[in-house]
C-alpha cells in the first residue's frame, strides 16, 4: 500500500536522507532535499515546478529543503523554492507555493493553502482549510484555526500586496478574515468569524465584524474556573517544548523572559 | 478509465462485497469491509491507517465498515475505524477521520472534512466544504451547507473538547460557525454566515453575528406564497423517505409523531 | 515526472489538439475535445462522467470542450458537458461540474468548486477556494476572492434554485456570502466577509452583515493618494487586454463605451 514503491518517480537530482519512506504514486522533482527519517506519503508532489517550467526550455527547479522527521500526508503539493524546518507535518491535500519559509515543528491541516512568499516561525499549527496570502509574517507558537483567511490586497485588484503580521503565541479562531496589513501583537486572541484590520497591542482580545479590541485576554474569565486561560502557555503544553518544565522555566531558558 | 483495475491495491485482509466496483489507483487497506453493490471510484484511500501505522511495528488497522450501495467519489480518504450505513455517498476529495459513525443514506459533498469522533443519524446531507470538529453529535435529516464550521475548543488552545449537538430536521445555512457546545433543537434553521453559541429550542430561526433566536421558523412567511416553508419536510421530499406517502403519514409509521 | 506518459489513460473518443501535453496519471474520458497547445498536468480527470454513467448501460458522455492554450493544474476534475474558452487555467484540485460555460481567459484558483449550470463571461478570475452554486450568472472581468460562496436556495431545503447575477468588472472580496437571487451591477465592490442579498446598482460599495450599499465606489478615497482606485480598470491592467493601450482606448474598441 504505502512504501511499496508502486508508481513512484524520484528525480536523480533530488537528495533523499537516510531512512526516508516515500509513498506510492508520489513524485519528487529536481533539487529537492529531504532530511533523515522523513515520511512522504502517497500521491504527493514535492518540488512542484514553478510556472516557467511549462514555458522555458532552460528552466531549473529552485531548491526545496525539507528537514528531518517530516510527515507529509497524502495528496500534498509542495512547490519548489520553499524551506521547511525539522518535524514538519501536513494533513492531506495541503498546497504550499514557492518562497515559503517554515521554522521547526510546524503542522498544517488538510486542504490548507499557503500562497507563497510567507514566513513562519517555529511551532506554528495551522488547522484544516486555512488560507495564507502572500507576504504574511507569522511568529512562533501561532495557532490558526479552520477557514481563517489572510488577505493582502486592500483594494482589489491592485498591485499592492501587504500581508498581515502576527506576534508570538497569538491565536486566530475559526472563520476570521484578516484584512491587508493587519498587525497583531503577542499573546492575542482573535475570536471566531471576526473581520479584523488595523493594529493590536499584545494581549488583546479582538472580536466582531468589524473587529475591535474588547479587552485584555488576561481579564477573560473561564466560566468553569473563574480564572483566565490566557496567556495560554501556562495552561496548555501538549506537544510543546515547555511540556515538561513548565512555561516559566522554558521562557527563561529560551529568551522569552518578557513574554 | 474507471473500473479497469489499473494500479489498484487491495489488502487481502479487506472483505469486498458482491458486485463492488473499484476505480483505478484506489487503495484499500487491512480490515476494510465493503457492502454489496458499492462503487469506490478512482484515487480513493479506504481504511487510511492511523498515525501509529507510521511508528509502531505491531500496528493493526481498526475495522472500517461501509454498508451496501455506497458511492464514494474520486480522491476521497476514509480513515480506518469508522462506520458508514447503507447508501452512503461522497463527492470528491472528502476526508473522514477515525471513529466517525454515519447512519443510512448520508451524503457528503466535495472537500468536506470530518475530523473524527462524531456521530451522524440517518439521511444527513452535508454539502461541499463543510468542516465538522470532533465530538459533534448530529441527528437525523440534518442538512449542512457549504463553509459551515463546527468547533469544539472554547478557549484555544486547550484540552477541552465539547462539540455541538444538532436535533433532527435542523438546517445550517452556508458560512455559519457553531461555537463549542452549541445545542440546537429540532426543526431549527440557522441563517447564512451566523456565529452561533448557546442553546436553542425546537423550531428556532437563529441569525446573525452574534447569532440570536429571531423567531419561530413556523412564523417565517414566504414572499411568494405568504405561507411558511418550515417545517420543511411538508414542502420538500426529493430523495427522502416520505417522498411518496407524505410527511404526516411517514411520521406516524416511523416514531416521529411529536415532530 | 510530468509528460512522461506514465499511467495516462485517454479515450479513443477524445480529440486532442496539436502540441497538447498530458501529465502522468491523468484520465481523459469520451468526447473530450482539447484545443491546441494546451497543458493538462498530472492526476487530472477531464470529462468526468455524470451520475448516469454508474447506473445506465447506454450512457454516452456529453461533449467537453476546452479551448486553446489551457493550463489545467494537477488534481483538477472537469465534469463532462462543460465548455471552456481559450487560455483557460486552473490551480490544483479544482472541481467543475457539468453545464458550466466559461468565456476566454478565465482563471480559477486551487480547490475552487463550481457546482455546474453556471455561466461566466471573459476574463473572470476566481482565486482559491471559491464556491459557485448552480444557476449563477457572472459577467466579464469579474474577480472573486477566496472563501466567497454563491448560494441559490433561499429557504433550504427547497426545490427553488435562483443564483446570483454579477455585472462586468465587479469584485467580490474574501469570505463573502451572496444570498440566492442577489443581483450586483457593474463596477461594484463587495467588502470582505459581507452577507449580501438584494439588488445593487452599478458602482456600489457593499459592506457588512447584513450587507448594505455604503457609498459609490468612485467616492472611496485611497489613504495613500487621496484618489479613488475605482473603477479599477483605470488603475490595474496586469494580464488584462487594456494593458498596453489603456482602459479608455480599449473601451472604445470593445463596445464598453458606457462603462
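Read from first to last, the chains carry the letters A, B and C; within each, the first residue is number 1.
To be clear about the criterion, a contact is a pair of C-beta atoms (placed from the backbone, for glycine too) under 8 Å apart; a residue touches a chain by one contact, two chains touch by 3 or more.
Here's who's who by UniProt: A, B, C = N-acetyltransferase.
In this text, all values refer to a predicted model and were calculated from it rather than measured experimentally.
Engineer: Taking shared residue numbers divided by all residue numbers at the interface, is the value for subunit B (N-acetyltransferase) and subunit C (N-acetyltransferase) over half (same) or under half (different)?
Structural biologist: different
Engineer: Upon optimal superposition of subunit A (N-acetyltransferase) on subunit B (N-acetyltransferase) over Cα atoms, what rotation angle is obtained, reported to the nearest 5 degrees?
Structural biologist: Superposing subunit A (N-acetyltransferase) on subunit B (N-acetyltransferase) takes a rotation of 120 degrees, nearest 5.
Engineer: From the C-alpha centre of subunit B (N-acetyltransferase) to that of subunit C (N-acetyltransferase), how far is it in Å?
Structural biologist: 28
Engineer: Can you list every residue of subunit C (N-acetyltransferase) that touches 2 or more other chains, as numbers and ranges?
Structural biologist: In subunit C (N-acetyltransferase), 7, 25, 43, 75, 93, 111, 129, 147, 175, 193, 209 touch at least two other chains.
Engineer: So in the complex, the part of subunit A (N-acetyltransferase) that touches subunit B (N-acetyltransferase) is made up of which residues?
Structural biologist: For this pair, the touching residues of subunit A (N-acetyltransferase) are 1-2, 4, 6-7, 24-25, 39, 42-43, 71, 74-75, 91-93, 110-111, 125, 128-129, 143, 145-147, 171, 173-175, 189, 192-193, 208-209, 220, 222, 229-230, 232, 235-236, 238.
Engineer: Which residues of subunit C (N-acetyltransferase) touch subunit B (N-acetyltransferase) in their complex?
Structural biologist: 7, 9, 11, 25, 27, 29, 43, 45, 48-49, 54, 75, 77, 93, 95, 111, 113, 115, 129, 131, 147, 149, 151, 155-159, 175, 177, 179, 193, 195, 209
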